[in-house]
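Here it is, the structure, as structure tokens.
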């Protein structure tokens, strides 16, 4: 058997080992491949990056464990960016099955970055009927939320001093896997004209690109790929970067195997007939 | 490293299944048979708890079938018990003489199951897909060219599935374009799926390396 | 599903809070806010909900106008049996909406009167009514579906009548179908069993039904050649039907003595344990031929790759578009989508079954014509007649 | 009785349920709901038969000490254990949940993850440019695979993601629609054959 015949008949166990290594090695060594940043993610980053320290942004987070794989890395990256730049965050937990999850995520990043509850971030709990809540927040946050998630009066939180409604904030960035994206757009952005950006799943992202052109949405972080881009912008590679690197390795490995198979096939054609 | 016996059990079973990649072996056989037994038991329990008790036992005990509130109670209960009779007929297959009565419940399963199909598939598989393809094409933008492409693709694809005529001449050429487009579709679906499958593998390996062994942070 | 349940639950809760607070609110400072409402709401449409079983009424109204300093939370819908009242509060909608569907214990063929109140005030719209709820005998939103169904069935039945009179139809050879007989022959020559996997569909799934027809053929051949066919089943119902199919086929082949129901067995109703078990069969019983016909999901490639490794000839067919590529890559022959249904008719050589295949072709021809007409009229003449013609509204 | 009655039963059930789809009136809605529960109850008896078949098959292996009989004990023990634990005690029995979470769920997830390996071995083996059709298939797969990951954008200057999007949004959609429409007609025809008693493979030709 010639070399070329041999490479058309690599044992599949070798293929399996190579695939396993393509996952395990980047995971162990934390290999981060460079990631190309798309303009819609860069825009979100720029808006936050250009804010003066002490500015406030609103982050409605609406997702549950099933979409967490894509959205958690996004929330982590954005929060790290904000806390480092001393941007204050009002987190809104408006999706009932995700409340506990997201509260924990805020806590984790706050601890890591040394952010203090009440001074650097505030969480607003779940209230039913998002349309009404979003509109009332345009009048005064205290209308729907006299108290925060933990039951403390908003007036008792140092960060909320002088923050009445959207006019006192710089951006609404929703990390969202629900139709809440539309609620914030229709009842919030269209009525009160705040700057609006999204972090959504890869599947959803495709639907919202048209809003970028119309200017209703200023930036979109889409899926694990978008999260990885944001991680590379803040220079803090984490879950998303790792996930994307592993994907890159595995995809390249598979493509290489296809190429090897074809090189072998063409070089040894005529000598043997394989089975389709 | 974890000290939770559950995590250890899960990790060992995970490795048992992965061992199948090398070849069939006793560890895989063990995990395979265990999962078959446990999942069949799980299915039975769920069926009893989620279907049989709420849908049958509870209304029977109450002497009232809530699905047919308009009918007299006793007739409602009759309607509720009728399928039990049909279900028992299934066991007739163990008798040589009466085996044919087991066909009645099967006929019923087929009838009920395939009854709703005609309008539903025509509506969701045919009408809606047809309407989605029928968009005005004015060839003024890239999206229009895309839509034209979809329309041509659907047409040639349908021609490929035409069984009354041999694939020859112009007709055969059209069918050939159809199969090409099908193949591009298959290739892209294949490529698109890789990422999701790799994510699953990453999930399992992270479980082993982080939750079980604790060798990554 | 989960989301909608939560949504409903939170709606209920909110409704309750609002009703409660509005009762107190109205008593305490209701009238105080009245002057802020510059124009009360006005019911402009009140009607029986169309295309349902009755028991519901729809109310639409023109929004109230109010001073911008005060945004009312919403509207309370009130209902009574007579225009004079008494009115019961039956529902709440936020201020941005102006449509409500009343499902609260509405009785068919009974008069109702409605009015809409603004929360936090004593303002209500004028009373509207009477209106009655009733059930309909035809869903007008499904007219298109109805027409398609009738046309298709009529066409098929007409063709079947011709078929019964002995009209012969030409059906082109379908790739992969001849391979079925070859594959059966190969297994019998090698003295090895045949594995037939009828997929993850229920016994009455059309893909599974098509698989049963092919199974009939396969079983008949194996009975003739005295070899074994193994059928692992995902649903118990599938097992029962499959046993009947194989048994009948063995009887038809004149070998009822050879039928062993233990070869057609239930495995488990759980996707991956089932896959694990079928993998085991492929590696331990070493079937020479594997059929994967019916509904398949993610397990398709696991099965097909394991079968390949075990050295079997593999023939697959499914109507799940996402899984077809994996079968195409890993199996020797794949019946793509509709070909699965066609194969079952083609193999049987039964003129009636072939007749329905003809009806499918006519159906496709009609689709092609409508598609071309629709695109041309819409693009050239700017008319969306054909597009609108296909509107289906199931609500 | 042997042949005509089953065909009649199938026809009546199928016809009523087809008509039911177009009639919102309560009487037909009720028939639909009733028939659904009927299927569930008949299904329960079918499941008893299924479980019986499972138990007998494995029991026989154990009894006659057939090949791999030892594993049949594992299957029977798993079945018996899970059923007992599930039926004793409350709905959210912690032992039942534990068995689900630490036995069933890891096995399901791991079986599922095997796909990552098999997708690679299938691609390596099957994607050979033997014919035009095979070449098209493999090129489309490669383009989309590379277009979905960052490295693909790097090595091609953004060409692969752009091409991948085009392939996924146009030819892929066209192919799916053609298949789905064909399947729709095929399924309707099959269902009609069942209704008319032409498709009755479970009865054989006796």
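By written order: A, B, C and D. Residues from 1 in each chain.
Operating definition for what follows: contacts are C-beta pairs under 8 Å (C-beta built on N, C-alpha and C of every residue); 3 or more make two chains touch, one makes a residue touch a chain.
The structure displayed is predicted, hence computed values, not measured ones.
Considering every other chain in turn, the ones in contact with both chain C and chain D prove to be A, B. The set of chains in contact with chain B as well as chain D comprises A, C.
Of the two interfaces, A-B and A-D, the higher number of touching C-beta pairs belongs to A-D.
With centres computed as the average of Cα coordinates, no chain lies farther from chain B than A. Computed centre separation for the pair chain A/chain C is 33 angstrom, with centres defined by C-alpha atoms.
Each chain gets a centre from the mean of its Cα atoms; for chain B and chain C, those two points are 12 Å apart. In chain A, 12, 16, 19-20, 23, 247, 250-251, 254, 276 are the positions where the chain touches two or more neighbouring chains simultaneously. Chain B has residues 17, 20-21, 29, 31-33, 35-36, 38-40, 42-43, 90, 103, 106, 109-110, 112-114, 117-119, 121-122, 126, 130, 133, 151, 154, 158, 161, 182, 186-187, 189-190, 193-195, 198, 201 in contact with two or more other chains. Multi-chain contact residues of chain C (touching two or more other chains): 142, 145-146, 149, 152-153, 206, 209, 237, 240-241, 244, 266-268, 270, 272-273, 276, 284, 321, 324-326, 328-329, 336-338, 342, 357, 360, 363-364, 367. Under the stated contact rule, the graph of chain-to-chain touches is complete, every pair of chains being in contact. Within the complex, the chain C residues that touch chain A are 2-3, 6, 10-11, 13-14, 71, 73-74, 94-96, 309, 332. Within the complex, the chain B residues that touch chain A are 21-22, 194-195, 198-199, 201-202, 205-206, 209, 215-216.
Residue ranges of chain B in contact with chain D, taken from their complex: 6-7, 9-11, 13-14, 17-18, 20-21, 29-49, 51-52, 55-56, 67-68, 70, 79-80, 82-84, 86-88, 90-91, 100, 103-122, 124-126, 129-130, 132-133, 146, 149-154, 156-158, 160-161, 178-195, 197-198, 200-201, 203-204, 207. Taken together, the chain A residues at the contact with chain B in this complex read 13, 16, 19-20, 23-24, 27-28, 69, 243, 246-247, 250-251, 254. Those residues of chain D that touch chain C in the shared complex are 18, 21-26, 29, 42-43, 46-51, 53-54, 56-57, 60, 67-68, 104, 107-108, 111-112, 114-115, 118-119, 121-123, 125-127, 137, 175-176, 179-183, 185-194, 196, 198-199, 201-206.
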